[in-house]
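Here it is, the structure in full.
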Amino acid sequence: MVDMSVDIAGLKLKNPVMPASGTFSEELAEVFDIECLGAHVTKTITRDLRSGNPTPRVCEVDGSMLNSIGIPSKGVRYFLEKTAPFYSAYNTPLVVSISGNTADEFEALCAEVSVDGVAAIEVNVSCPNIEEDGKAFAIRPSSTYEVMSRLRKATRLPLWAKLTPNTGETPEVARAAEEGGADALVVANTLLAMAIDTRTRRPKLGNLMGGLSGPSLKPIALRMAYQCAKATRIPIIGCGGISTADDVLEFLIAGASAVQVGTATFINPTAMVSIIAELEGRLSREGVSSVREIIGTVIDDEQKSGVVFMEAAP
Amino acid sequence: MGKVLSPPLAGTRLPAADVFERDLVVVSNDPVNGEYMRLALKAPLELLERCRAGQFFHLLCPVIGGETPYLRRPMSIYGFFPETGELHFLYKVAGAGTRALFHLGPGDMLNVLGPLGLGFRIEDDWQHLVLVARGVGLATLAPLALEARNRGRRLTAICSARHADVLMSIDYFRDMGADVVTVTDADGTSSMEHVEGVIETLVEKRGVDAFYTCGSNRMLLLLQKLGRRHGIPGEIALEQQMACGLGMCHCCVRPFMQDGKRVQLRVCREGPVFDIQEAMPW
Amino acid sequence: MVDMSVDIAGLKLKNPVMPASGTFSEELAEVFDIECLGAHVTKTITRDLRSGNPTPRVCEVDGSMLNSIGIPSKGVRYFLEKTAPFYSAYNTPLVVSISGNTADEFEALCAEVSVDGVAAIEVNVSCPNIEEDGKAFAIRPSSTYEVMSRLRKATRLPLWAKLTPNTGETPEVARAAEEGGADALVVANTLLAMAIDTRTRRPKLGNLMGGLSGPSLKPIALRMAYQCAKATRIPIIGCGGISTADDVLEFLIAGASAVQVGTATFINPTAMVSIIAELEGRLSREGVSSVREIIGTVIDDEQKSGVVFMEAAP
Amino acid sequence: MGKVLSPPLAGTRLPAADVFERDLVVVSNDPVNGEYMRLALKAPLELLERCRAGQFFHLLCPVIGGETPYLRRPMSIYGFFPETGELHFLYKVAGAGTRALFHLGPGDMLNVLGPLGLGFRIEDDWQHLVLVARGVGLATLAPLALEARNRGRRLTAICSARHADVLMSIDYFRDMGADVVTVTDADGTSSMEHVEGVIETLVEKRGVDAFYTCGSNRMLLLLQKLGRRHGIPGEIALEQQMACGLGMCHCCVRPFMQDGKRVQLRVCREGPVFDIQEAMPW
């Protein structure tokens, strides 16, 4: 028997596999018993009602996908009255993902969702900060620090900061989030990308650009997860292109304590179930008694920090 | 065919495995005419018994023949036959996904997820049903004929196409005991004016209890007008780019008018069949 | 007959297809007549001899590749005595790619390679700036501006600045390069990434991390090319994951005036030859008389600049 | 087999199409024993006539059977037979690329690029050649026997393996008129001490003009020692991860000692065959 449990800043998960925000909802419970997951992570919610971006909102790019869903949200009331009660039927910890256009909005929402039944708050700092130049909070260390330290005061729940790959300063942003009070980092959100239909000469997404997710993102997210694990002392939750147990191991070896599975669930709705089973099987065959033994075991020969934290294509 | 609650009831765990994801064996995959292919899969009874006209499956198109489709592709149920244990799709080769489907042969496996979405309503007092179909829309509307027959309703199918020789499913509709009216671009009978006349005559002579259509903007406008004019309800099956097919990703929304307010509904979850008066032309 | 020629800041190319730096060398002339290319672009050279990174220097990731070649260089002497004379047998314009660890080094090298037979200088500002914190020059607008304005004074040849995708500030960096004196932008270099062999728990690259290139990079590079075309008035040369004529069209429609093909040549050494032929065939079938008519024709409905220049995953 | 200039002469355009990239038809793809597969392709004469022992081809492994290899994979020429128009490879299934090769059957196409690299030297005055091969190294060394016979040289092949039953190519070597010495782990004869004894005896009894080997670090050290001791030249075929296979990307370098200086040479271009004294153990 392999001990599959992991600890994310005091929150114990029965296994390290959970869904990525925006790729999971109550409906998946019709396909399999979602009690088996390490955690339940909601789609990002905002305080107010939002309708999301124009369609088409997804397209396919060479073995991966782009999305520009936006954050359609039924608002915080709906979350408190419908979503949280739904998940209360499960023992699996509930993680609510939140977003705001300004630090004020973020702070208010953070306090509002700090209710019984919510085990942790995932802070989607990959959304645009409209008070500055509209760049995502997590593009810069300064804005990351500022919003995280505001949120830190607004709740006693664990805060997971979800970083963006659209930055040249991953280690600095990770440290800023830690200093601002993040208890864990989710690494990473989607990467800004674009596709054009050459016959119609129109962008394939109604919103012109969108976020890349799926297998193409994996080597980038893995690099970021590794950098963040080296740069901070808080747990890392890897996310990006994970679709097999081997992918999970890659992130754990790089230093992640848990992972999130997103796009793979669209291809195979039971992907997380198979990944958990495969992971346990593989660890058991390799004689590993606890999945925690794998975390951060990459043999990197004590690379000098210039290499670990580089942000230049070599 | 009852509408499922969306989102499900708070505090109650859902029965898992309401939706099937499994590999089915290809029975045949043959051209229907120059443009369309019919794919028949061997399917278990418990799956076929859940199928309803208007629902769809989300197909994991294979990596085959140089094609590398990634996301699943939604396809309406064209036929479900518990008697023979077969599930049919009708498709038009468009891009990577349908090109990959084209390469399938008997004995190959295809992973399907479904049945998904809400099918067509047939209320108890709807006796005479009229469907208007064109092109691949026939794939979606054809099984309605099967259901109508099973429930002893009368069905008139108005089938539209460019030429008479690409008119599909006419024999299928006739076998199901439907009255068939064919209209084509070639002889000018497919114009909205002409179709309007055909329907007006039907309303007048036999009474019409419900309209069904699929996909065409012009047809939507026509049936909305006729529906309002005569107080006849109707349903329309709509399409949208999909990712998850289950309601999780919110990519497949379309706008609808409900109680005077514009709302975004998910085609995969609240549809793909919608109230024809709520649907918005595009 | 389609007119395939394009103009890059006064330099006329017979067609818009050229190799990407580091994926082309004299050896390819053994496979096909390289006269047919729009330009010849050398591997990046440095002033001094450099031996490059430890092996393995490449690995495969889900339909794309990572490399950490480093910049092994035989130095500027070798370039002047061997490389430049080799290419002088061709009429195709020669573009030399240069790099330096400091602005001084860059400037000196820029002057040294400004010789007869060189038609343009591609400035690889994606390499680390060791005077600052080791981040690539092109991660920040300020360091981009500084190095480009130094180089502008060092040569009268056209300067092409090659940008990095490892930044959250693409439009700002593009404008900084333009203001610093760049005559064109090459968009983009590889994206920092990583892969781990889960059996050995070792990074798949000897250098730990490397640059992602190939199809996975295309939607990201395309987005950047589009943003750069909107942000500046200088020509854009698209680069990243291009392997078919349709990919070229996607970049041209997005606003690029020419393209570079890299990794695709490794898969199919005659890729550029086929792409040129296919592109001409397709334009001819579509009744387009000059490839220049395609440039920047994306139907983007005059999106507001908040969307065009966003750096947040929506 | 003359060394090509690298880089080519300045100011002279190279003759294009020195290297072939083309689709060849699979003749057969069969197991040789439990571990190795032999792939035979139909190849045109002008391609086979350029092949030399020690050279390799860069194979575009197909997307097939769920495998999606991306980069090409280098494979040594195992045999080239202008008489029958066939080109052979011997491979061991390792990862995605070789698993994809495994799925090929007669009639399938495989895109190959080559012949690439520099083959083994056989100087005019090298009369008695000794090769030491183990495992998949046989793939690289086997065609040397062919070339030795064609040039009327005497060849001794020392073949090493774990068990006698995985010893490959022994018949092949015998057919080419080579003397074969087999050594195995199972009976302890494959130890370096034993092999050293075998070679010393050869040197003493018949004289040896050149050594050839491939891949093994221990063998490299042994042959370097014996070569220095007796002043016998030698060559070694080496491997390295490759991308372009043509010399453009500089990913396939290995370190060598030349004139007391450590230099990085490209396996695909300056190799894959190198002077055994210049090679560095790893």
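Here the chain labels run A, B, C and D in written order, and each chain numbers its own residues starting at 1.
Assume a contact is a pair of C-beta atoms (placed from the backbone, for glycine too) under 8 Å apart; a residue touches a chain by one contact, two chains touch by 3 or more.
Because the structure is predicted, anything quoted here is derived from the model rather than measured.
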{"item": "Touching chain A and also chain C, the following chains", "value": "none"}
{"item": "Neighbouring chains common to chain C and chain D, by label", "value": "none"}
{"item": "Whole-Å gap between the CA centroids of chain A and chain B", "value": "36"}
{"item": "Separation of mean Cα positions, chain C and chain B [Å, integer]", "value": "48"}
{"item": "Length of the line joining the C-alpha centres of chain B and chain D, rounded to whole Å", "value": "60"}
{"item": "Multi-chain contact sites of chain A, meaning residues that touch two or more partners", "value": "62-64, 69"}
{"item": "Chain B: positions in contact with at least two other chains", "value": "68"}
{"item": "Category of the chain touch graph - line, ring, star, complete, other", "value": "ring"}
{"item": "Those chain pairs that satisfy the touch definition", "value": "A-B, A-C, B-D, C-D"}
{"item": "Residues of chain D that touch chain B when the two form their complex", "value": "63, 66, 68"}
{"item": "Touch list for chain D against partner chain C, complex", "value": "6-19, 21, 60, 68-72, 96, 113, 240-254, 264, 269"}
{"item": "Residue ranges of chain C touching chain D (in the complex, touch as defined)", "value": "22-35, 43, 51-52, 55-60, 62-65, 67, 69, 72, 82-83, 85-86, 88-90, 214, 263, 265-270"}
{"item": "In the complex, chain C residues that touch chain A", "value": "53, 61-64, 66-70, 126-128, 134-136, 139-140, 164, 166-169, 189-196, 198, 200-203, 207-212, 215-216, 218-220, 222-223, 226, 241, 246, 249-250, 253-254, 297-300, 303, 306-314"}
